[in-house]
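Next come two complexes built around subunit A: one with subunit B, the other with subunit C.
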Partner chain A sequence: MGDDDREPLSAVGISALTDGPAFTRRDLLRSAAAVGVGAGVGLLLPGVAEAKSKFPIGAATRSKSKPVSITMWHSMTEANLQTLQKLTDQFHRSQKNVRVNLVGQNSYTDTLTAYTTALSAGTSKLPDVLQWETSLIQLLIDSQSVVPVGSAVAADHYSLGDYVPSMLNYFRVNGTLWAMPFNISSQVLYYDQNVLVKAGLDPTKPPTTLNGLRTAAKKIVSSGAAKYGMSLKGAPATFELFMSLGNKTVVNHSNGRKGRATAVTFDDALGRSIFSWWSGMLNDKLAQETAPTGTGVYDNLLAIGSGIAPMTLDTSAALGTILVVLTQKQYANVKLGVGPIPSPGSKPAKSGGVFIGGAGLYIVKKSAAHQDAAWQFIKFLTSPDQQATWAVGTGYVPVRKASLSNPTLSKAWNSVPGYRVPYQQLLSSPVNPACAGYVSGAANQIDTAIQNALAALANGTPAKQALNEAASAANSAIRSYNQRV
Partner chain B sequence: MSAKTLRRLREGALGYLLVLPALGAFGLFVFYPLVKTAYLGFFLAPPTPNLPSHYVGFHQYGQVLGSSEFVSDLGRTAFFVLLTVPTGIVVGLLLANLAHTKVPGIRAFRTIYSSTVATSTAVASVAFLTLLNPQIGVLSYLFGKAGGNGVLANPHWALPAVAMVTVWQNIGFTFILMSAALQSLPQEVLEAAKVDGASGSVRFRQIVLPLLSPILFFAAVIGVIGGFQSFGQIDLLTQGGPNHASLVLIYDIYQQAFQFNNPGYAAVLSIALFGILLVLTFVQFFFFQRRVSYASD
Partner chain C sequence: MPATEASARRTRHLRLVVRYAVLIGAAAIVLFPIYITIVDALLTPQQITHRPPTLFPTDPQWNTFVTAFRQGSLGIYLRNSAIVTFAVVALEVTTSVLAAYAFVFLKFPARKILFFACLATLMVPGEATLIPNYQTINGLGLLNTFPSLILPFVASGIGIFLFRQAFLGFPPELRDAAQLDGCGHLKFLFRIVAPINRSVIAAFALFAFLSAWNQYLWPLVVTQTDSVRTVQIGLRQLSGANFSQFNVVFAGTILAALPIAILLLLFQRQLVAGLTAGAVKG
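Let's look at the complex of A and B:
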C-alpha cells in the first residue's frame, strides 16, 4: 500500500467514559520456584516430523474420525480469556468438523517454557494452534516445529487483502508469512488533558515528536503543573519503536528479514540521538524513570493518576484497564487523552512507522487433519466480525479493516475514540523492513541489553557509553545464538 | 566358608539392602542430574531441544568460566553472601540473647522473633516489594525516596535491598537455632563464672560464644549455601536488574536456561556453582572445625 492510503493521525481526547471493556493485562508474578543446583534439563530428543511441502487443505473435513479435536495454547487471562472462550464457542456452533480445546499458559514466558519443554517430549505433547509473542518469532521458526501460515493461505487461495498490511509485515521473514496476527497492540502516548491545559498546552494537540515532547515536558515542569513532564518506562520496545519511526533498522540484514541477523545496527546516529534525548529527559528532571518489569510496570500510568507525571508511553493494550480504573472515580481529576507515539527528531519522519506488539497464531507441524483444523480455527478467529468482538472485549487492535464497519465496534470506538489511535498508526505504517520490526533468535537477550542500557541512562551513564554497551552485549548474544542454531 | 564369614556376608548384604532405597533416591534425584548437567556442559545447546546439539568438549567450560560476565556474577554473589550471612547470624544471636531471659510475656517475643520462619520467600518478597515501591511504598516515604525510580531500580541499592529482605526472612531460622543452643548451654559453667565474678560481657565472650561455636558454624555453612542459592527474592524483587546489579550466579543460571534457552551455558554455570559450594563447605569444615568446640562434657 502506498503513502496515499495513509490516514492522518490525530489525537483524541476521551471525555465521555462509558463502560470500557473490562480488560486486565496479565503480568502475573512468576512463581518463586527456586532452581536447584544441577537441575538437569532433558535434551537430545529429536522428533518433529517434516511436513509435506503442500498444505493439506480440507484434511479435517475428509478425516474419518470427526470431529477433529485440536488444542490451542494461549496466554490470555480474565476478560481476554472470556472473549477467547466466547469466540471458540461461536466456532463450535458454526461447524461440526473441528473441536478446539483451549489450554491457558498464563503468560508468554510460561508459554515459551512449556513449548520448549514439550518440544523435547515429541510431537504428541505439542499444541496444534500456538499463540506466541511477536518478538520470539525467529526462535519458533528455528525450532522447525511450525508450518508457515503462508502455505495454508496459498493452498486455500485465501485473500489477505483485508488484513492490516503492517501486521502481516511483522510475521513475514524471508518472504514467508509465518503466523496470523491475532491480539495486536501498539504503543501510544497517554496524557492528562487537565495538566496540559494547566501548563498552557493545547490538550487536543499532544506532542508528535521527541523534541516536541521535551518542549511540552519543560512547560509542564516550569509552570509547576506537575513535578515531572512525563514518565519514561525503560521498555526496550519503546526504543525499538523510535528506531522504526525514524525508518532505521535495529539489526542488520534488513532487520533479520532478508537473512539471519548477525549484528545490531541500532548504535547508529539515530540510536545515539534517541539515547541522548532519553538521557537528557532524565538528567534534566523532565521525566522520571519507571520500571519496565515486575510489579512496577504500571508506575508510569499510576503517575498520571497521582499527578506526578502527566504523560507516558505505553501499550494500547493497557487502555481497557485504564478506563476501568478511571470509571472508579479514584482519579476524578484526570481527563485522559491518547495520542500516537511521537517520532524522533523535530519532524515526523515521512517513511517511518510502527510495528506491532502482542502475539500471532501459529500452526504447529502435526498430522494433516490437525493442521487443516488449526487453519480453520485461525481463519475464524481473524475474521472481521470475530476480530470486532475480540477488539471490543479485550482492547486489542482489530487485524481486519472490515472490522471497523461492525456496529458493535464502531459504537464502542465512538464512545472511546482513543481506541482509534493505535489502529490508525498501524494502518498508516509503511510496509518496509525497518517498520516491520526486527527478528532475531536472540531477541530476548537483545531486548535485555537495551533494557539494561536504558536503566543505566537513568542512573547517569553517558548516552554514548550506554548505547555501546548495549550494542556489544547484544552482538555477543547474537553470535552465541547463531553458533548454537 | 566359616560360619563367621557367612554371618558377616549376611550382615553386609542386609546393610546394603537397607541403604538401597536412599541410594536409589539420591542416585535418581542428585547424582544422575549432576552427571547429566556436567555432560550438558560439553555441548553447545540448540535454541530448542528438538534440534541437534554440537559437541565442543571443554571449549564451553573455558569460554563461560573465563568470561567477564562470570567473574562479575561471582563478585555480586560473594557480596550478597557477605551482606546476608554475618548480619543474619549477629541479628539472630542478639535477638536470642534478648529473649533468653525469664520475664513475663517473653513467649510473645519469642513467637514474634521466630515468626519469619513461617513466612515464605514469595510472601516476604511481595510484602517488601510493596513497602519499597517508589509510588506507594511506606519505606520509600520514610527514607524520603518517594517518586522516580525506587531503591530496587537503583544499581547501587538493589542488591543490598534484596539482601535486607533475605536477612529479615532468615531471622526466624537463626533465632530458633540460637535460642535452642542458648537453652542447652551447661548452666553450671555459667553459674561458676558468675560466682567467680565474671561480668555479663565477659561471660558472653569467654564462655557463651565458644560454647555456641558449633551452632554458629552450622548457621554459617547453611547460610552460605542458602545465600549462593537465593533465587525467589531476586526473581520477585529485581529480576537480576537494574543493569545486572543484582544478577547473582543462580539467577544467571535461570536466565540462561529458561529465558535465553541456553541450557549448555546454564549447565556450565551450575557445575561452577556446585564446585564453589563444595570447596567452600570443605574449607569451612577444615578451617573452622579446629576452632569449634564440640565438647560439652
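Let's look at the complex of A and C:
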C-alpha cells in the first residue's frame, strides 16, 4: 500500500520518541540521495552497453551446485509481504533449481540507501533481484549494476504481448527494457458519493476534468454539503500525471527517454494552467491543502471520512487499506466512489494518459547462474495467475491482461468495482514518451522542487512564480547530476 | 514594619506560584505527546480517529502490547538491540576513560596533536563515514554480524573530550602522592580517578546508550537477517504495518522506548550531576 504513488505504506505515526535526534526521515532522504549520486554512480567506471551482451539463459539449470540460492531485496510490509512470501513459496514448489531468500528493506528510500552503500563494496553484497521504486530508474541505470531485463527477454524469446503496454513503456529508456513491472499503482479520484448527492451532483459521474472538479467543488461548498470540495495533497506525482494526461513531457529529450534529460519542460502553457488551477482551488477555499509526506500523508483520506472534504486524488494502492478502514464502521456515513484521475482543461484526455507508480523488478549484474535464476523468479512473479494473486492480496494493479480471466481476481473485482479504475486508465494510456512518465537521475530533487512549489501555492505564492522557481531549482539539480555522471 | 513584611511575603508567595505555574505548563507541553502515545496505544483504532479525541481510555486495550510484541517480533529485536547497545556502551566508556587518562596523566610525544585528532572526529557527520565504514566491515568479512553493529562505535571523540575535561580538574599532587605510595596507573585510574568522576562517566554512558539504541541507518545497511537486526528497524517494519492499526504502532513505539525511559529514571541523579559537574569545579 502506498502513502503516495511512489512509496510503500510506511512510518505511520512514528513519534518523536523513536525518531529521536539521531535521524529523521528527511535526513535519510537527503543522505540517501547524496550517497546514490556520489557513491553509487560516480565511483563506478563506465561499462559496456549491456543490451548487446548475451543473457545467460539456462545458466541456473545447468549450474552444478543446485539449487541456486538468490536474494531479493523488497520494500513490502504486512499483507503485501505475506502475499510476496506466498508467491515465493509457490515458486519453490514449482521447481527445484532456484531458491529465493527475501530480505525486507522497509521502504524504497531505505532500499536506495542500503543498495548504494552495498554498491560501494562491489556487486558481491548486492541482491540478485531488486524491487526498486519507479522514479529512481535512471539512478539505477547509471550505477551500471543491473542487467536490462530486455536482454533476458530477447535471449529467452519471451513474449511480452500480454503485459499492459503502458507499464512496459515506463521501464523503457533509449529503447532498452530495464525492468519488469511488478507492484503497480496509479492515482485515482476518491470521493464520498453521499456528499455528492447532498450537493446535487450525480455520484455515478464523478468529475473527469480539472474544470469539472472545480465546478463540483463549488457546488459542494455553496450547498453546504461539506466545508471544502476536495483535499489537494501536494504530491509531485499528481502534477506530473496532469502533465502526461495533457500529453506533455516533464523533462526534455522526450522525457529523458531518447537521451539524458538536460532541462525540465513543465514550465509551459499546460504547466502554468495546472498551477493556476491548483492555486485557484486553494485561494477560493474550494480545496484544502494536505501534506504529501510525514505524519499528515493520510489527512486527505481522513478528510473524506470526517466529511470535511469529500474528494481527493491519491494512489490506487491505498484502496485496500481504505476498504479495511471503512469496514470498521467508524465512517458509516461514507459511501466510497472511485473515479479515474481527471485530466487538465475542460475536456477529458484524448491524446494523453497516465504513467505508473510503484516499483519494478531488476536483475542485478551477478554471476551467470544468479542472473538466470533471477530472471526465472521475475518471470514467475509476473505470470498471469501470480499477478492475479498479487493484485487480490495487495490491491496493486495486475501487470498482465490475462490476469483478468483469473476467477479469484474477477470475483474480487466484481465485489469492488473501484479496483478496475486504475487498471482501465493504465490499459487505455497510449504508448508515447509523454505518457511514459519522465526519467532523470535527479528525479528525487526534481520531485522535491515540484513539491516545494505546490506547498508554496498553499502559502499564497503566485502560480507563475512558484512554477518558475520549481523549474529553475529542478534545472540546477539536473545540471549538477549530469556533471557528476 | 509588619505591613511591609507581610506584603514582601505575599510577593514571594506570588512569585513562587507563578514560577510553578510556568513549570507545570512547560512540563505538560513536553509530556503531552508521550501521554497521548500511551493513551492511543490503549484505544481501539476507531477511538483514535474519533473526534473529539479520547484523552482517557475508559476500556484500556492492554492486549495491544501483546499484539505489537508478537506481530513486530519485538522479542528478538529488543534482544539484539540490548546485546549491541551494552557492548557499545561498555567498550565506548572503557576506551574513552583510558584515552582521556592518557591525555591527562601521561606525557608522550604528539599528545596535543593526537588529542586534536580525536576532537576532529567530532566534526565529521556520521553519514560521511557510512561508506568507508561499510567497506571496512565488508573487508573484515563481518557484514550481518553483531560485531558489524558494534565495532564502528567502540571509540568516541566526544567521550574522550568529556572525560579529559573532567580529569583535568583532578589535583596533580594527588597523582604524585599516589605514585609515591606505589599506586600504578591502572590502579590509580580505577580506584581513584574513575570513582571520583563516576557521575560524568554515568552521564556519558547514558548518552552513549541513547544513541546506540536509537541507531537506524547503520544497522539497516549492514544487516540482512532478523537474527541480528535491531529494534528500530523492527519498529519501522511494524509501523509500515497498516493504516488502520495506529494503536499497535503506538504500543510498539512504547515498548521500544521503554528501556531508555527506565534507564533515564534510574540514572537521573547521575545525569544531572554529570551535566553540571564542570560548572562547580574551581
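One rule holds for everything that comes next: the second predicted complex is superposed on the first by the 433 of 485 C-alpha atoms of A that agree within 3 Å, B and C clash if a C-alpha of one lies under 4 Å from a C-alpha of the other, contacts with A are read in each partner's own complex, and residues count from 1 in each chain.
In this text, a contact is a pair of C-beta atoms (placed from the backbone, for glycine too) under 8 Å apart; a residue touches a chain by one contact, two chains touch by 3 or more.
Since the model is a prediction, treat every value here as computed from it, not as a measurement.
By the touch criterion defined above, A:Asp142 reaches subunit B but does not reach subunit C. Applying the stated contact rule after C-alpha superposition, one finds that A:Gly441 touches subunit B and leaves subunit C untouched. In the superposition on chain A, A:Lys96 makes contact with neither subunit B nor subunit C. In the superposed pair of complexes, A:Thr321 makes contact with subunit C only, with no contact to subunit B. With both structures placed on the common chain, the touch criterion links A:Arg479 to neither subunit B nor subunit C.
Once the two complexes are laid over each other on the shared chain, residue contacts for A:Lys411 go to neither subunit B nor subunit C.
In the superposed model, A:Lys347 makes contact with neither subunit B nor subunit C. When the shared chain is aligned, subunit B comes close enough to touch A:Ala291, but subunit C does not.
With both structures placed on the common chain, the touch criterion links A:Leu302 to subunit B and to subunit C. Comparing which residues of subunit A touch subunit B with which touch subunit C, the overlap comprises 31, 34-35, 39, 113, 117, 120, 302, 306. Listing the residues of subunit B that touch subunit A in their complex gives 30, 32-34, 36-37, 40, 43-54, 120-122, 125-126, 129-130, 133-136, 147-150, 152-156, 229, 231-233, 235-239, 241-244, 250, 253-254, 257-267, 270-271, 273-274, 277.
Across the complex, subunit A meets subunit C through its residues 1, 8-18, 20-23, 27-28, 31, 34-35, 39, 71, 77-79, 103-107, 110, 113-114, 117-118, 120-121, 125, 298, 302, 305-306, 318, 321-322, 324-325, 328-330. Across the complex, subunit A is touched by residues 33-34, 37, 45-46, 49-51, 127, 130-131, 134-135, 138, 143, 210-211, 214-217, 220-221, 224-225, 232-233, 235-237, 239-244, 246, 249-250, 253-254, 256-257 of subunit C. Residues of subunit A touching subunit B in their complex: 29-48, 109, 112-113, 116-117, 119-120, 139, 142-145, 227, 288-291, 293-296, 299, 302-303, 306, 308, 441-442, 444-445, 451-453, 455-456, 458-459, 477, 480-481, 483-485.
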